[in-house]
Each structure stands twice: as structure tokens, then as C-alpha cells.
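Can you keep this structure in mind? I'll have questions shortly.
So that you can tell them apart, the chains are marked A, B, C and D in the order they are listed, and the count of residues begins at 1 in each.
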Amino acid sequence: MGKLHIETQINGEPAEFLCEGHQSLLEVLRDGVGLLGTKEGCTTGDCGACSVMLDGRLVPSCLVLAAETEGRTVETIEGVATGDQLHPIQQKFLEHAALQCGICTPGLIVATRALLEKNPNPTETEARYFLAGNLCRCTGYDKIIRAVLDAAAEMRGEAG
Amino acid sequence: MLESRYEAPLTVQDAVDLLSADSEARVLAGGTDLLVQLRLGRSAPSAFVDIKRIPEMSQLETDGTGLHCGAGVSAAAIFEDENVHSLWPGVAEATDLIGSTQIQGRATWTGNLCNASPAADTVPALAAVGAQVVINGPSGERTVPVESFCTAPGRTVLTTGELVTRFMIPSPAPRTADAYLRLIPRTEMDIAVVGVGVSLTLDANGVVSAARVALGAVAPTVVLADAAAAALIGSSLDDAALEAASSAASHAANPIDDKRGTVEYRKRVAGVLTKRAATIAYERAKERG
Amino acid sequence: MARIIFSSAQRDWVDGAETLEIDAKRVADLLNALYERFPALAGRLDHAAVAIDGDIYNDARFQPLRTDSEVHFMGQVAGGQ
Amino acid sequence: MSKRKFKYVGTRPIRPDGVEKVTGRANYGADIMLPGMLHGAIARSEHAHARIVRIDTSAAEAMDGVRAVLTGADFPDIPNQWMGDDEGGIDFGAIAQNCMARDRVLYHGHALAAVAATTTAIAQEACRRIEVEYEVLPAVMDLDTALSPDATILHPEAHVRDGQPSNIATKIVYEGGELDDAFTQADVIVEREFKTPMVHQGYIEPHGCTVRFNEDGKYTIWCSTQGAFGVQMFAAMVLGLDPNLIKCVPTEIGGGFGGKTTIYLEPVAMLLARHTGRPVRMVMTREEVFRASGPTSGGQVRVKIGAKRDGTFVAGDCEITLEAGAFRGSPAGAAAMTALSSYRFPSYRIQSYDVVVNKPKVAAYRAPGAPISNFAVESCIDELSRELEIDPIELRLQNAVEEGDRAPYGPVFKQIGLRETLEQARAHPHYSAPLGENQGRGIACGFWFNAGLQSSAIVSVNADGSAIVRTGNPDIGGSRASMAIMVAEEIGIPVERVRPMVGDTESVGYTDLTGGSRVTFATGMAVIEASQKVVLQLRERAAIIWGVEVDDVRWEDGVAYGLNAAADQDPMPLHVVAPQLRTTGGPVVASAQVSPPAAGPGFATHICDIEVDPETGRSQVVRYTTVQDAGKAVHPSYVEGQMQGGAAQGIGWALNEEYVWDEDGKVENPGFLDYRMPVASDLPMIDTVIVEVPNPIHPYGVRGVGETPIVPPLATVANAMRSATGVRFEQLPMSPPRVLAATDETGS
């Protein structure tokens, strides 16, 4: 069966790829487009490691068919930093030691950005519930939540 | 699975034609159930019929008759809708409970319903507010109440060529409000062990004049616990009425033992949540008085 | 003389002794002396970890012993973090 | 040990590999792409116990895109031989059979065939088309069944007890004093029996590897592992190869917790690569991770403790029975060694059994075995404190081991910090904070050893005065930062000027696994020693420049000082010395290797507040504090991270995590949806107090910190639940249905 030719936009750049009908966006991002920052933890939408933005909405890329992205916009972890500058969320994750093994980190950072775009001043509880779909087995979430709240303060222009 | 096609029809009729021509094709709305089954090797559709390019599938609006929600609208979009929040807070609560933030970016009421899992969160909430499902197919359009849509776990009233196109929730009567509660072991990311949706209408004196109590995850399909509703009607939600409703709900529950809960536990909790959801709905309805 | 303390399970192989004192400059010498004296024990402690004065060595064959060292043979402990 | 003033040790620099990890550039086990690469998949048993009568691979082989199909018949026969003693060891025959079944499958999910194909989807589909004819055998799914007289015996040839084939692979005993007599002296005796389920490490990154085979017989393995040298040796043993033919390059690792200290896919990918002549990548699905990679044992523990009215413990008796899974090797030894070691028991007996059952072969999981026995013992001590009406911290302080006390497993403790953690816990505001309605508070202690083992390190200085340090330990939780800090401390340069690297099996000397809480402790010792050798060389270079003897040069905080006051010797910082290396003898490089003993166990005390919904049995941890002796915290943020992460895993184990099995021995919950690990909204902030009682054997006083934190939480949470509900929970997890049923029973 012939492959589908998909034209989309990834991290602000036009992109095109070939895929099969059953292939997920996650598979194609990694094996087709070569964007390996989006991680695979389960392929069933339960871990959040493959989180990306699709048309501005946070989604698990394992549960999106690659073909669905025709004409849409996709944003991945590779698009979070701008130029030679880390995003404040990335910087705060580093400062707070909010990662140990780091496998959940790209998904968490993409999800945190989605949170702070929607809610620039989340409470701890709001942050925890919003990020409940991003499993981390190393940290117990403490330093992650602190990094998220500190990044939010920084992005609001308040002294951390 | 290896041969699955991807189809993205632009009209309902095209979708019906695709589904009619191929009984192994499956509708792709949010994909959060369908693609999981695909990944786990439990489903191998011949084609995915993505309905999200059909314009009316993405419409979400409230008018004088109630809410009209296209089959492709995501849970996140529904939850963000001001009208849903203010008119059907219980439905909004249930919608917010479907999986994680990520899942909500994809999942739809349609999928939650068509997956026909006994534990779907939005089904009891939608049943409690009397939601209707609009179906289109080779022989035209028909409408089915949410509570009659699933016939058994994994089975629905849909026949070959048919698909859900939208949901309709009638405008709430005066002094009417709903609530939804579920029990999961964690705080998020679980399938309901028990879910309860309650909608109450009060008279001018704060006496319950109409009630619907819908139970999820305690039977093969959603249960409308009429006896529990009857126990609430005519009361001002005093302890006796709540206890009666609670035990009626426990009685109406007909669950199974599985990895998520036991028969005994589910029956008990169905009663507890009925009491609690009714209390919340009552307070909300009073505020609307 | 290094003092060896045997676990209850090990005592089956050393005629029930709870402790023994053996003149040995290092663990290997100690093992040889023990194996010679208790043929039933021969080889059984080759893979054991050895605690010498409270420090547990996984590969202790050539560890030196002091004249007053206390020695235990025990299970290997690693773990995962 | 002298109180050294540190400049960099104890600071919190940003980890050197951090930017790669927050930008998605770091490469993990599934991220290695090679030209022409094929994708592998594994067909797995649909039965918990069966004889394989026939495997028909023809339909799979006929598929377009399939390049190779292998079964057990394609693997060499590796005899079963236990290398080790009763308490621990390894059997490479069992590892080989676990990677690929031969004539029998021993658990649901046991690998029985493998496919390499042009895409993962084709390989997986080909696996589904492999037809297996089984002769189904009775499955042994729990300890009671395994130990019953008419039990089906998993390995009749291997394990014999009292002349009869048995499912008991090992029995371990530690005893001392006069037990029966001692119990008659006790005023109060608590005796209870506890049960914990099989649980999984739950690392978010599935096992993954990529293998390339060269025509000269050499293999290169890129994989996510806790120890590249272990992969090299295990793979060589399983395939009957010379280890020299295998190079293992460790990728970044997405969590392990002990579960990535063994091999599953690597030998399979190696044979597929050899058969096809193409590189092969294999990555487990999440379902495979749960069904076929190392959980830790479910267990039963019977505990009896006797105490005097004044609280003095007089006797302790423990019987521990652990599930090994399909092959011998549960952590029965460590569970026994840790069970009663936190307190003085004049008389004690610990018996521990390693029992085989038709479940996946267990692997190490953070302080293997200790949380299970500790849950039982610390629950009983909580009961004792209630019966004796003595504050639980007081009671523990009264009996806590300290320097000079002998552990039941033999040695005498040196300087340890149990008492200090208890005192700090008592002084913590958490311990005296008021509780709300339906809330309860519990405390418990626990400990874990430091593993010593072998480590190598190479340190070099560049002409710009920066340094490079290479070790053989994959960085699983920030160890690169610790290594860089130690080099910075010794040489006297900012941490940012040190680049740490993780070597492969051909670029650094042999190094044992990342695990056993040993990296900062043991590998750190090698790094410090190599750095000190570098400093000596730098002094030599300064001496050459000044034309003096090396003994006349002192090195302090990155600067050479001349000791001969007569000479014209301005202090010479590293950035002045470094450019002159080429004219003073060439590069400065030093290596060091260590094999330190395991010493300086790490103790902890945890406090938990829990709130229970009395109508549904649902509980929520509302406050949690960990107090732990870290010896010396090199990078306090990552020490705290270990404490918080271990506590979170322990809370999950206590409340909701468990394998659920159906009647046929199939795992019913092999996914994150129904295997309920804590999510962000399940937990509060986890407060940490680092206590520093120096480890006398380490130059900075460092103790391992990674494993201790998972030991106390099971009992801490159970003791909190006891306080909230009045019910002593003897079975984990304390899931809502179980809590409601138990509180119903007692009417509380």
C-alpha cells in the first residue's frame, strides 16, 4: 500500500513526511523526522513522555495518527528553546534539579509550557493536577513542582 | 493493522459512505481508546475514518434549546466552554476527569460513549442531565438517549455505516443542577471504580421535584437508579432521604469483581457517592433559585 | 590470631563452632586453613562476601588481616538504585 | 576524620548533562539509529507454565519485510550453575533461559521467539503469526501453593530439600542468643504476619538496545543499562562468547532502580544482527516491561518481637518468604540481613526462604528485599509502642543500634547515624504538628548498606586549565555532577570547568554497576584519588617551572605556592601552569581504581501524615518528611532527590501498586493505567532533612543515599494508617477496598 504524503508544520517550520495509515505521530517524529526528544514510555497515553502540542493543544503524540497532522501545527521539545536561549522553564528545571534520569523531562517541559500559557499563576494543586499525566518515577515530583512554580513566577516577571 | 488506511472525509455523508462500504473501518474521533487498542494489538481496523475534518463535528454551541456538541469536540474544548461550566457543572466535572490533560486534548464524549466501557466517566454525567445522542447513517438521522446507547460492554446500538454526529443536552429547567463524582484509588489517571451523576430540580421551597441518578462502573452499562431518584424526590435532602437514596443506589448497582474493585466495595461506594453527589447538586440547584 | 564468627548456618560445616581463632595474614590463608580443617566446608565460602572488622568486601581473597581482626563470611550485597 | 572545609562539595551547581536533557538532545536506549537498521520484536508465552511442543515460524518468515526469525533452538545451551552462596549469586543458565525459553516457558510473557524486520510493526505482526503448540502445566502462582506438599515443582533437578524436589531454592538463617528463653523474659510480645505483593521498579524508559555485528565476529551494543561491563559479561556468558568480542556503549538511562542491572534483549538482538548482517534495534513495549522484566518479590513475613515493660527489646524472630519468580534469586539474603539490624536484639533468629513461582524472574529493586522485611518489623515495633505506651521515636531511640553494636548478619557497626535521624525527626515541626480529622501519623526507620565493588576513573587536565573526568558508571540521577564536584574540590577549579564523561567498556577501566548506592561513594573514591594524582603532577610541573623540588610546592585551591621563601615564586594558578604542560612533560593524566569494602550504612527515619475517607477507604498522604544520614552530601539537591524519589516509590508500594494476576497466571494490569504508580497530584511536597554523620572509610565521609529512602515508607505509611483508622494493615497495598473492608471489620 502506498504511503501517505503529509505536509505539516513542526516547530514553526514547514515539514513533510511519508507515513502509513496506522503510524502514530510519535513514531513518525522519532523515526521519520528524526526528532528524538519526544520520548516513548508506554504508547497508550498513560505516561506523558511523548507530550507535544497539536494546534496549540497538549496531546500524547502516541495517540495521534501521523496522518492527522496534515495542515496542522506540531510543537515538540526541540522547539521550546529559542535560538541560543533556554526557555525559563528549562532553566528552572536545571536550577531546581527537577530531573534525575531525565526521560520524563521533555514531556514535562512541554506540558508545563502548556500549563503556564493557560494559567500563568497556578497554585501547587493546580500544577499537580495539570501535570498528573506526566509520570516521573525518580523525583517524587517535589522539585518538579517547585521548578514549575518558580518558572511561572519568573515568566510573570516576579523575582523567583 | 499493517494495512489500515487513513480517511479524512469532509462531510457526514462521505463518512457514512466510507463506513457503509467497509464494516471493518472504524471512526477516529480522539483516538484515545481506538489507538490504544491498536497499539496493544487488540484491534486492527481496515481504515481509520477521521471525522474531525467534517466542519459540524467541531461545533460547540448553546442556544435556547440547550447544548449542541459535535462528535469531534475534545474534552479540553468542552471543559473550557463557559456555558457547559455554568449550566451543567457535573458534566463539566466528568469531562475534566477523562484521563490526563494530554488525553483531554484528544478524547471526546463520542469516544467515551462508543468505546462502551461500563466505567466511562461522561456517560453517567450525560445520562443524568438527559443528554441525547444524534446518529447518522445510511437510513438517515436518529436520536437515542445516552443511557440507551450502549447495550453491553463494548457494544452499542450503532449499525454498519452509522456514526455519532453530535450530542444534545436540553436546557436545564429552573432550579436544576447536576454533579458528578467518581472514586479512583489515585487522584488522577485511573478508570472509575464507581461513578455517579446526579441531576436535581427543586421547587420554590427547596423541595426536590425531579431527580435523575446515573451510576457508572457498577453494571454492564450505565444504570439509571430510579429508586434512588425517587428517594430524593419530595425531600429537602434530609439525612433520611440521603440514606434512602444511598441504599437504593447500592441496591441498583450490579457490579462485578475485577482488578479495579470488588462487588461489595462498588455497591457500598455507589451509595456513598450518590449521597455526596446529590448534596452537591442540591446546593448548586439552591443557588440557582 | 584472627577471630572468625560463624553464622548459625555455617556452623553445620565447622562442627558447630561459633567462633574460631586462626593465625592468618590474609583471607586466602584463612580460607585454606579452614578448608583443610573442615573438608565439608571446602569451597563453600569462595563466593561469600567477607566482613573484616565491620567493613564488607565482595572480593576479599587477598585482604590482609590484623592479628586481632574479626572476620565474618556473608552474602554478597549489591542492590539497585 | 578531620573536619575538612569544602569549597565545592556541598554546593548545588547545575548538572553538566542538564541542557541536553531539558532540550531533548540526550540519547537514551531507544534513540540510537544506524543506517540499514532492522527492528526486532519478541513473541512471548501465553501461558504461565507450559512445555513447548512445537513452534511454527513459517507464517512469520513468509511475511514481506521479515529478515530473521529465531527460537530457543538458535541459542547455545548454557548449563545451569549457581555461582555464589546461599545469600546471593548468579546463574547464567537461568539468565540465558530467561532471555529466550528453550523447552519450557515459566511465566506468562516468557520470551520464546524473536523476529527482525524492516519495521517494528511488521516484526510485531510476525510475532503474532508465530504458532506455538503448548502442553500446559499447572502454574504455581503464590507462595502457599509453591510450598504445599503436592506442589508442582518448577525446577525438580535444581532444588532439593530433605531429599525431595522443592520450590524452595535457598534457606538462610541468622541466629544469636537464646531465643525461646528470651521470649519468656519479655513482658510484651507482638507477633504478626505480613504480606506484600510483587511490584515493579516502574522506570519510565522501557528496556532498549541497538546492536551492530561486524564480520570479524565483534558486536557493539548500545543500550540503556546500569552497567556496561555487566552487559558485556552477561551477554558473553549467555551466548558463550569471549567478552572481548563485545563492546557495550551505555546510552543515557531513563531510570532503572535496579531493574537495568541485568539483560533481556541484548543477546537476542545480537543473534538477530548476526543472522541478518544488519544492525538491529529492540525496544520493549510497556506491556513487555511489566510482563517480562524484573519486578521485585512478593513476600510473606512473620515477625515476633518481645520487649520489657520499660521498652527494652529482648528478642526478635523473623521468618521471611520471598517469591523469586521463575528462577532462583529473590533478595531473601538482604531481606534477612536488614530485618532486625536497626535495633539491639540480644536474642534473635531470622530465617529467610527464596521460593520459585511461575512469575517473571525478579531483578534488583532499590534496597532489594529490605522494604519487605522492614515493613513487617517496623509495623510490629509500632504496635509495641502502642502496647507499651511509649512514644514511637522514644522506643526506637531506646533500642537503636550505634557504633560498636553487632548486626545480626555479623559485623560490628562503625560510626552510623540512626540515632541522629531519630533525634532530628523528633525535633522536626512535622512530628508535633496537630492532625486534622480522619488523619493519622506514623514513623518508621530503615537502612541499607553501601555496596563497595570495583570502580575506575581517569582525570586529565587540558591546556586551558579545564579538566575531564571519565568513569564507567551510567548517570542515572545526577552522578556526573557529583564527579565534577569532586574533581573541582581536589584540583581547585570551578565545577563548570570540569567535564564529566561516562565511558564505554573500551574507554575506561572495569567498573561495576550503577547501583547499590555506590557511585558517589565508591566511584567517587576513584575520582578523588585520580584527582589527587593529577594535583601531584601539577605540583611537579610547577616545580619544574620554578626549578625547585616537588616537595617545595604546595597546591591549594587551584594555585601552586612555593614553600621556599627565598625564591621569586609568585603563586601560580592552574591557568598559568596548564599552558606550560607541553614544555614540562606533556599532558597531565591520571587514573585510579578502587575496590572498597561496603561500609557506612545509611539510616533514615520517615514521618507520614495520611488522611483517610472513612466512607470509601480512599487515602491521601498529606505530609511527608524524610530524615537521612548521607554522611556528606556532595550535591545536596540530588541527595534530596534520592530521598524524595525513594519515598514516593515506597508510598506507591504501600498504597496502590501491585501486580494483579488472573486465574491462568496472566498479568491483568501490565500498563501504567492499572499499575498505579503515584502521579503528581497524589503526593505532597516531600520534606528532607540531611543528617551528616561522616562515613569513616570515605575521604569526604560520603555514604550511599540512593536506596535507604525506599526502606521506611511501607511501614511509615502503614503506621500512619494505623493511627488514622485504628487498623493494623498486614497486607499491602492499602488500596481503598482493602482499607474499607478492614475498617468495617473492626467497626472503627
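As a working rule, a residue touches a chain if its C-beta (ideal position, glycine included) is under 8 Å from a C-beta of that chain, and two chains touch if they have at least 3 such contacts.
Remember, it's a predicted structure, so these values are computed and weren't measured experimentally.
The set of chains touching subunit B and also touching subunit C is given as D. Taking the mean of the C-alpha atoms as each chain's centre, subunit A and subunit C sit 55 Å apart.
Subunit C and subunit D have Cα centroids separated by 27 Å.
Computed centre separation for the pair subunit B/subunit D is 43 angstrom, with centres defined by C-alpha atoms.
Shared interface positions of subunit C, defined as residues touching 2 or more other chains, are absent. Multi-chain contact residues of subunit A (touching two or more other chains): 20, 22, 43-44, 46, 129, 131-134.
Shared interface positions of subunit D, i.e. residues touching 2 or more other chains, are given as 121, 201, 256-257, 285, 476-477, 642, 672-673, 678-679, 681-682.
Looking at which chains touch one another, you get A-B, A-D, B-D, C-D.
The residues of subunit A lying in touch with subunit D in their complex are 20, 22-23, 27, 30-31, 34-44, 46-47, 49, 76-78, 80-81, 86, 90, 93-97, 99-106, 109, 124-125, 127-129, 131-146.
The part of subunit B that touches subunit D in the complex is made up of residues 1-2, 39-41, 183, 185-191, 193, 259-262, 264-265, 268-269, 272-273.
The residues of subunit C lying in touch with subunit D in their complex are 5, 7-9, 44-45, 47-49, 51-60, 70, 72, 74-81. Residues 121-122, 124-125, 128, 285, 287, 615-618, 620, 655-656, 660, 668-669, 672-674, 676, 678-679, 681-682, 735-737, 740-741 of subunit D are the ones that touch subunit B when the two sit in their complex. Contact residues of subunit D toward subunit C in the complex are 83-89, 171-176, 201, 226, 256-261, 333-334, 337, 363-368, 409-414, 448-449, 451-454, 476-477, 512-517, 595, 597-599, 642, 697, 704, 706-707.
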